[in-house]
Amino acid sequence: MNNYPKDKCGVFGIFGHPHAARLTYLGLYALQHRGQESAGIVSCDGADVYSHRGMGLVAEAFTEEILSSLKGHFATGHVRYSTTGSSLLINAQPFLVETSKGFIAVSHNGNLVNSRSLRSSLEKKGAIFQSTMDSEIIVHLIARSRKKSFEEALVDSLSKLKGAYCFVFMTRDSIIAARDPNGFRPLCLGLLDGGFVIASETCALDLVQAKYVRDVEPGEILIINKEGLHSKKPFPPARHSFCIFEFIYFARPDSSIFGQSVYLARKNLGYHLARESPCDADLVMPIPDSGNYAALGFSEESGLPFEMAFVRNHYIGRTFIQPSQFIRDFGVKVKLNPVKEVLKDKRIVVVED
Amino acid sequence: MNNYPKDKCGVFGIFGHPHAARLTYLGLYALQHRGQESAGIVSCDGADVYSHRGMGLVAEAFTEEILSSLKGHFATGHVRYSTTGSSLLINAQPFLVETSKGFIAVSHNGNLVNSRSLRSSLEKKGAIFQSTMDSEIIVHLIARSRKKSFEEALVDSLSKLKGAYCFVFMTRDSIIAARDPNGFRPLCLGLLDGGFVIASETCALDLVQAKYVRDVEPGEILIINKEGLHSKKPFPPARHSFCIFEFIYFARPDSSIFGQSVYLARKNLGYHLARESPCDADLVMPIPDSGNYAALGFSEESGLPFEMAFVRNHYIGRTFIQPSQFIRDFGVKVKLNPVKEVLKDKRIVVVED
Amino acid sequence: MNNYPKDKCGVFGIFGHPHAARLTYLGLYALQHRGQESAGIVSCDGADVYSHRGMGLVAEAFTEEILSSLKGHFATGHVRYSTTGSSLLINAQPFLVETSKGFIAVSHNGNLVNSRSLRSSLEKKGAIFQSTMDSEIIVHLIARSRKKSFEEALVDSLSKLKGAYCFVFMTRDSIIAARDPNGFRPLCLGLLDGGFVIASETCALDLVQAKYVRDVEPGEILIINKEGLHSKKPFPPARHSFCIFEFIYFARPDSSIFGQSVYLARKNLGYHLARESPCDADLVMPIPDSGNYAALGFSEESGLPFEMAFVRNHYIGRTFIQPSQFIRDFGVKVKLNPVKEVLKDKRIVVVED
Amino acid sequence: MNNYPKDKCGVFGIFGHPHAARLTYLGLYALQHRGQESAGIVSCDGADVYSHRGMGLVAEAFTEEILSSLKGHFATGHVRYSTTGSSLLINAQPFLVETSKGFIAVSHNGNLVNSRSLRSSLEKKGAIFQSTMDSEIIVHLIARSRKKSFEEALVDSLSKLKGAYCFVFMTRDSIIAARDPNGFRPLCLGLLDGGFVIASETCALDLVQAKYVRDVEPGEILIINKEGLHSKKPFPPARHSFCIFEFIYFARPDSSIFGQSVYLARKNLGYHLARESPCDADLVMPIPDSGNYAALGFSEESGLPFEMAFVRNHYIGRTFIQPSQFIRDFGVKVKLNPVKEVLKDKRIVVVED
């Protein structure tokens, strides 16, 4: 039971749209690069709550029939990433439970640094845990808070957390977004047909055709319900410190995060690299696709020709049978093949993410 | 979230055998008639705990690979029955959680009559619920009990339950069986190669080749661990009242429950029927297979010839496509076909369960 | 390529019904005991031909969507039996091909004794074979026959076959049934809503609610099309010799084959057994379900009480994981469990099929 | 039955390697872009022949267990492409049959222009067809040829074909490759550990680490068996005319076909485009991935900056649920998202394949 979740996940929330679950499906689809282990959606029509979580990709976890059953005008969704082999449906999100304050669903991207001590302290008070998710901790804290309203209990509970978090909560009447005071992970706000959209990256707003409004600010709590949108900043300000891996590895190049284009940020890294480490070479080429943008930047700055002489096999699947011992150095070949005619007798700069 | 479980399930436990999970698989297989919705096994080697639950039949929910991963010398298993369409993996058992008292796994057959009030009172104290199972209630009670030892906390918690229950609990060092003071549901104890076996019906002992020792008594708690077997009767005696449906419908005819052969009990019902409602007829026949034994009893007592002139189709599957409107009175035909040559011009007594 | 088919299969044909394919599905379902390896249906609306074959049971091989796509007012279907492990979709029937005489579909139950020599002679003339089925041989013979009409070519080709066959052929305008001159295998004719039905056993007529008319006679060819039904007997009469395994093992007890009730025929075998081999015993019991009827007959003739003290597990599935070495004498236990209370200290006659 | 195959398929053959089937699996994997509908491998050890064909991608159609069963030191494989919905396993290749000349397996890439007349003429002579594949025609021609040896019969039969073909045949002792006299489709020859490899494109040689020797020449027949490699050119020379779609669409950029690098050929098309249609623009960008190389060429020739401002979603799956009516202009968005920050207020040349 030591399958602690990794911190690269995708979260999505929407309030005030007749196709809330379908748009969440699309939003998760756009955020698929942030997690391929499991996908889930919880929706609500103000009375009943509807939920489905499944293993694998968004397109595998949902069918037309399941999507149709997820009724209501607000919803939250989650894609989960795990580097360990022990991926389990019980760790899929959104995490949905019944408490004395009504049902709570929660989607989480982040990594709490004090989760073990919080968990152990809760267990001592009689809490029982079924998953290894940080999301389960925040819900226990809310359920046990002596504050009467959900909002007060939420602020009370968030104040106990240390580390990175972007949460999308859902109750019977609201969607609530919360980002940690340091702002480690990205979270943005959009508008769609008069409703509100919350997403880890702007590429999800693009796909559902929502208009980007602004980032959810570090330490900010956004409460969205039929009264409209309401912002709270109950925590003392902290030093802003976003995660650099978001730019160079996690986020999609067509997203803007932390107020900046990921594409241009990666290209900029290429400029810097060319300036800091100039080489005497004939051409520059990326490991596709993640190295493309830095390689382009390197090429622009250095003046070296840009070539795309590694060709990817687009059909790599999870069930591919490795040829094992009888082929030497097989490793990377199945994914990337060099174009010999381009590379022959050339001095080459290869840029990787 | 109103998927309350039904009370016809099968539970199994074993302690002290190197093939604990495999024998649990066989035991569940023998108890398959008590639940076809989901199946699960939790095993333990004294250090780590291993768990798998899946939807459908035992043979569908487990593979050789999964069985091999369920290590350890003690285990508990469960097959679940549900009459509702809303069957969910989250309601599959054994229910496994982490508490401050260590992990607890629980398999349950029964139906608590005060589950709603217990649940609501627990939620008010900050408990969060993920399933609709009675098993989750007992675990919350144990986790919150102020008694220090697991045994004391268990007795404390069981004393709050009203209704029918047969539990098999598992902790890091023990298997514990508990049957409610009225003894509504069957539960028996067997011996196998020096280890102990707990099962809902004796047919599970037969399949794993365990020797039947005795029934777990109403109100009894059996603690089984490396110290051996230890019995407790902490509750005041109650009126014994077993469920008649176990004899006429739930249990397998080759089991003995409540100290009686199910086969003979059903045959006996046929004797009584023949005496109470004698008929002037030419033959007696059962609706197979459940009516076979009472019809045999009826035939013996009445002297009427016994015929098996309804023939079952053994290939009825869950995916059979109904011919709907264009065939009249199709209903029962697909399962049972009468043998016209036997029935023609005869007066017939048909015995059903 | 040595997967020669076994001779226990089920065939079905229907002409003149708007739900031809759906009724064929039901007919195959009733004949499922004759073959569980693969199932197929070919239907025709007089213009286009529709076909689906799949591995496994009828209920597995067809979906509602597939059934809906099988249009037309006439159809033929087949369930295949194989004792070998090498079951292949390419050997599933009905066998459907294009020839210069138009399309031919054929469903076959039987076993030709001269198939190797026919096959080898056809190959020498340039025929190519894709399957190991006898059905492919008859189609090659028809395709190569110099007779112009399909009927003449069929008679010409059947005359070259030696051994057991019941064929249902389908062309763009007709269903044709043919039974070998010895009449080794059963084949019957029924009427349904003005249309005609052909089936291996009468239990298939029962399920589709067709009225049994008569058996297709040994050596008879029945041509059914919009002109009605037309019978031909082009072959010299042969000694009638039906297969005894049909009565004691293959056919369903609720069928009548070769003009006799299978139920009564099996019961009769029990009478004979009781007379030929009387025993001094306390009771007689069958190995269920196939031994039920002979055991009933034995009981009636001998006067010994009839008990059903072997209980079958109804959930035996193809994926059951054997417990292998660690359980002794496990074999039959998983399928049948004796009722100890009935058998204890008794002298028992066990009747098996 | 009008599912005529399209001419973009991939073929592979290997002779003289202990891992023939596994290398064929890898070869098909490298050729996956030429066909995703079905995949198949036939292998032989000189005595027995082993075969498996399945629907979908290579990685879906084969399992470790299946691959292990495909024994022998020579093999041929095929991936099939179809633009129609009516894809059927019966049309999967390699096509394997028994004839009087022994078994023949055949993998085909191409499109015969006289297939209908050949087929109809064969049917008049009594041939029966089960598939709609051109491969079935060539095998009928060989089976019926009066030439005694397989080689003579093959030449005789190929001489009747008009149109595009690349065949890999397999008999009990040989692999035979044949390319049509015009050389419409690519086919190349490689060497691996002393054995021979045949493939549609050189990228398959790369993946199995075979050394490229030369293209199979237009009109050439290569017979490979334990005697070694033997070349035949029995047909009068024809005008060489390769298919331009191979360069701009079908083939992988890391392959060399018709003696030329596909990558450089595409880049060259970009040069020409820049020269023929110069534009006054700010930047040039491709529709990824197929337009990448021509766009690079355009950029080099025109001097316009190269940007990759369309970002592909790598998780597009076959089961993606379209949002249908409620999203306007959704079409391409799910696959490609523009990077707004790069494109804003710019004049752009977009290059597509």
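The first chain written gets the first letter, and so on, giving A, B, C and D; residue counts start at 1 in each chain.
Going forward, contacts are C-beta pairs under 8 Å (C-beta built on N, C-alpha and C of every residue); 3 or more make two chains touch, one makes a residue touch a chain.
Quantities reported herein were computed from a predicted structural model and do not represent experimental measurements.
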CA centroid of chain A to CA centroid of chain C, Å: 57
Approximate Å spacing (C-alpha centroids) for the pair chain B, chain C: 38
Chain centre separation in whole Å, for chain B relative to chain A (CA means): 43
Per-residue multi-chain contacts in chain A, two or more chains: none
Chain contact graph, described as a line, ring, star, complete graph or other shape: ring
Chain pairs that touch, as defined at the top of this document: A-B, A-D, B-C, C-D
Complex contact set, residues of chain B against chain A: 1, 49, 89-90, 96-100, 103-104, 123-130, 139-140, 143-144
Interfacial residue positions of chain A with respect to chain D in the complex: 19, 22-23, 25-26, 29-30, 32-33, 36, 57-60, 62-64, 67, 203, 206-209, 252-254, 256, 261, 263-264, 288-289, 292-293, 296, 300, 305-309, 311-315, 317, 319-321, 323, 326-328, 333-334, 337-342
